[in-house]
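Both complexes below contain subunit A, partnered by subunit B and then by subunit C.
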Partner chain A sequence: MAYTVRRPNLTFWEKLYLPNIVAGLAITFNHLKKMLKGETHVVMQYPEEKWDAHLPEYYRGAPTLVTDEHGRERCVSCQLCEFICPPRAIKITPGSLPSDSQFAKVEKAPEAFDIDMSRCIYCGLCEEVCPEQAIYLRKDYAVTGESRADMVHHKDKLYELGGTMPGLVHKWNPDK
Partner chain B sequence: MDFLNDIPWMLIAASIAKTLFLIFGVVLPIVSYTVYAERRVSALIQDRLGPNRTGFPISLFGFQKDLQLFLGGLGQPVADAMKFLLKEEFTPGHVNKFYFWLAPVLAMVPALSTLAVLPFGNFLFGQKMVVADVNVGILYVFAVASVGVYGIVLAGWSSNSKYPFLGSIRASSQMISYELSLGLSAVPVLMIIGNLNLSEAIQYQIDNGWLLLPFTDGKLTLRELLLWIPVLVSFIIFTISMFAETNRLPFDLPESETELVAGYHTEYSAMKFALFFLGEYAAMIAGSSIIVVLFLGGWHVPFLPINTLESSTTPSGIALGFLHITAFFAKVVGILIFFIWVRWTLPRFRFDQLMKLGWLYLFEIALVNIFITAAILAWVK
Partner chain C sequence: MSTEVQLLNVQIDGVWLQFPKGTKVIDACQQAGKFIPRYCYHPKLSVPGNCRMCLIEMGMPKMTPDRKPVLGPDGKPEIGWIPRPQISCAQDVAEGMGVRTDSPMVKECRQGVMEFLLINHPLDCPICDQAGECRLQEFSVEYGNAESRFLERKVKKPKNVELGPRVTLDAERCVLCSRCIRFMKEVAHDDVLGFVDRGGFSTIACHPEKTLESNYSLNTVDICPVGALTSTDFRFKMRVWFLKETKSIDVNDGLGCNILIGSREGHIYRITPRENNDVNGNWIPDSHRLNFKYLQDGTRLLHPSVGSQQTTWPEAIAAAHSQLKTAGKLAMVVSARLTNEELYLAKRLASALNITLHDILPRVGEPDGILIPADRNPNTAGARLLGTTTETPGAHLKDILTGVRNGTITGILSLGEDLLECGFTHDDLAKLKTLVATSILPNATTAAAHVVLPGAAFAEKRGSIININGRLQRLNKALEPAGQCRDDWEILGDLLSAAGQSHALHSIEDVFRSMSQDVPAFEGLNLGKIGDLGLQLLTKPEAAKPLATA
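On to the complex of A and B.
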């Protein structure tokens, strides 16, 4: 149903419009003055000021690979993350550990592990699906490169970003 | 015969020198830095920072860092100009090519042509600081400035696209409507001055105090006090009409981004777009200069000596000549900053409100104002 919006009854000065323009100019001038004096601080100047200290625990940055406290790669190249990755950013070439390693008969390791950061959508499904808890989304968000090839994170880069994640794998941990 | 041969060449050389100085030395730099000021002031008013990074690119010449001056970002106009020059000049297939190319020129040229009659200084090096000291000064300004609407109309029409077309229709009706109140509000000023020559207008204001501030000659008579009322009214109407003429907010309906994409220059890119942009700002400068000349005493600085044609080649005369030029452009820049300030304060008018304001209020008030001025001039001595 149509209804009528009541218009306010304006006084003569309000109808004249000019005093209100002056009032508006005063408001904007005060904003300008406060900005020039440095009293307003609303803008973060990005490369100099960063928000890193305030990133929440659950922040999903670049996916990385981690090693355990003994320096063993956690990834066993099961390729689950590769299969679940929605934008198909992950590419794993499965391989074995060298035969002189004491774990050679125990588990496998990826020969190559590439994450194309120009495709990654930071969804975190790889982290969620990993049975070995080898892949984690860390807090790096500024991923840059000068070519498409630069944007691919290879295995050594992934381990460098990921570092060590000590503790038992939750899956094998009776306490969890 | 030497006399006949020599004089015109001197005049032509001096005119070319003055034109080049005015356009490339003063107006175009002011235009580019008005764009910078527009972005910076708008940002500061909205609690942002605006472009504060781009320095002068001296690192291209082997220096360690770019040159950053006090507020930062002063190299932005240079970068903008480079960007406009290097971008792809894209002409859509559906446009009327000839008029599409003609329109940006027609937007830029009238704005710069109006500067020809503006006295931007007194005397310098034995020359009067005005390119053409004609007796129809103010009429020439109105005539040439109204040609500027052709650029916008042709741009909208030749683009063969609905948004530019709507923008140009709005521009033409708006500019034609507000030219009335613009012209009529200048009439009281011309009646008081009694001359159409802009140099004479300034001379009158030197003798009798600026029209808007009649006490700048050190005294205030009853006649000046009474004339102050119509002058104030015509100043307000003239300024409002100038906003509408230059398509500035709150009257920027021809290019209102929220309704018409970008209005009449939607289909333009690269340097052709930049010409519209520069034309708009050059028109702003021309408009502010006219306000300064008619109401704010032009190049005159109160309580300071004025140099003459004879003294303008002596060191003190040259210093005074430069001071007058600086004073003129300082006033112009002041008005430009006011333009920017208003733009980021007021919301846009609706089109019917714009037409109502122009035809029902400003036009009538300006008309009545003429009679009030005439009565004061006739009866108060």
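On to the complex of A and C.
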């Protein structure tokens, strides 16, 4: 249903709008003064210059997979991230670990793990839902590619971005 | 009913209800809407009462010295509550019995039982195939403690043990409910499983000189309430919460076990039995449930072809029609694996093409005494009812073969059958002037056929079939047909149009409607009315007339 928006009642000085122009120019001149003194830059020279050093701890960049300090891939392909992913960017093909593997107790590992970065919305639900602390949103945000296929991060790329994360829960300890 | 079943008054959580004599308390509570958690109790198996999960508080009416119930102010018997909990699975309802399913004592009991069950349970959920349909997960959330107080080391048990060719055991996950042991003993009649060792070390094991290789072994996986027994075939293939479950019917034999097809994104991952006490109970043979691989192993016929050249559907239909029209004397071999709707259209097509000689190929095997009957065709009764075969199925096959050999029959329309199985030789096939075949998989007949029309498999179509007991059951569509395959009723409808028979069959419902007008047995029915559990269409002796041996 259409309804009428009430316009604010402006005072005389507001209707004149000259004071606001003066206030705006004051900000501009302040910046000019700071720049002439060398206190500030005009612009950041991206991508040569980046904000990376200023990214906060909780920054949510590209999702990655991590290995533990023993070199074991933490992901056991439980597919909870695939289930929770709102844009359905994750696709996992589960596989099993060979019985002669040193991590045979875990039994299961992903055969393929693809994240379509052209779909990912960096929401972090995959990290939150992971029962194995295997997927983390790291600080990579400049994900580029020349085709849709380029935008899919396969398992190798995900482990390359994620690297090793020591000190997490060690629940597949053979003594446990 | 000749004898009236006595109804007993039972109080469940303060409400007086009536149940027939012989009802178990656990079932009575469930019927009253109070679900009682259970691991070992299964309605189709004996009652061992060993999981202790179904504990309830129970009472019997207080009695005066002259054995009359003491009545309370409301006129109902006063109940004297037993101070200890009872297991509800091993207790039948009795007159004046009282049951409490959510009293503080019952809640505490369930919590205690859950805590004990989880003491040695591994933290396997992320790799366990049962996750998502695991009673231990469900009851832990609903009735258990959030935290474990157990600080000691967990007991180690064998993991990833092959109990048999199709079943994998993880003893650490087992809650020792003994359902699998009882199933193998009581239903499969192959008593190979049992408990070994004692106390916390007790585990399920197979007889040392035997393996769990019964053709019903995978049913133990279905009834296992936890992830101890898992299907080796389904192991690590897909998490169950992704599977779309389609209610359908097994087509490997004349019984037509009710099944659930678990599929995701056009791929079948598993088939599980669906309860239907008039057909298969809760069970299905392993050989039947695993027989879906051929649909997706890359061997399917995916394109219509004319003279082994791939072509389009309109061209293939036109070619098939012109070949059939000019073939001379025709015969038709129909598969009893087709649905009623397809058989009905096949019969109509036969009369449109003046085919008088037609029959099905009977498949007879040894019945296994449990579920698998002698008739291995899913729809022999339907073929008989719709007139594509006679009282003795397969009787005309010999006539067709003789006709081909002496040259009186020059063309064959084969609907879903390999003629080599019907006694033909490669030379016989080469002799034919016209051979038009519909099929799912390539075989000698499709190789020799002049026109090949690929049809849809059982999981890719809707339709109805009649089992050996005369029960009309419904197939449902779980997947889209592979490649360019089409529903057989569409192919037959197109051939019918090409033969100059105008019809208004645009959907499977239209075909059924047309069939119900022409065949009195189907009068007043439609696919919706068949329902998930099917309905009795023919009497048993009508449906199960003897088969000629092939």
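Operating definition for what follows: the second predicted complex is superposed on the first by the 126 of 176 C-alpha atoms of A that agree within 3 Å, B and C clash if a C-alpha of one lies under 4 Å from a C-alpha of the other, contacts with A are read in each partner's own complex, and residues count from 1 in each chain.
As a working rule, a residue touches a chain if its C-beta (ideal position, glycine included) is under 8 Å from a C-beta of that chain, and two chains touch if they have at least 3 such contacts.
Being a predicted model, the structure only gives us computed values, none of them experimental.
K.L.:
Between subunit B (first) and subunit C (second), which does A:E132 come into contact with in this model arrangement: first, second, both, or neither?
P.N.:
The second partner, subunit C, only.
K.L.:
Tell me which touches more residues of subunit A here: subunit C or subunit B.
P.N.:
C
K.L.:
After the superposition on A, what does A:I27 contact: first (subunit B), second (subunit C), both or neither?
P.N.:
Only subunit B is touched by A:I27; subunit C is not.
K.L.:
Output check: A:V43 vs subunit B and subunit C. Expected answer is one of first, second, both, neither. What do you get?
P.N.:
first
K.L.:
Quick one: classify A:K108 as touching subunit B (first), subunit C (second), both or neither.
P.N.:
After superposing on A, A:K108 lies in contact with subunit C but is clear of subunit B.
K.L.:
Check subunit A for residues that touch subunit B in one structure and subunit C in the other, and list them.
P.N.:
none
K.L.:
In their complex, what parts of subunit B are in touch with subunit A?
P.N.:
41, 44-49, 236, 341-342, 344-346
K.L.:
What part of subunit A is in contact with subunit C in the complex they form?
P.N.:
Counting only subunit A, the residues touching subunit C are 76-80, 82-83, 94-96, 99, 105-108, 131-132, 171, 175-176.
K.L.:
In their shared complex, at which residues does subunit C touch subunit A?
P.N.:
Residue positions touching the partner: 123, 125-127, 131, 153-154, 159-160, 235-239, 241-242.
K.L.:
Within their complex, state which residues of subunit A touch subunit B.
P.N.:
Spelled out, the residues of subunit A in touch with subunit B are 18, 21, 24-25, 27-29, 31-32, 35-36, 40, 42-43, 45.
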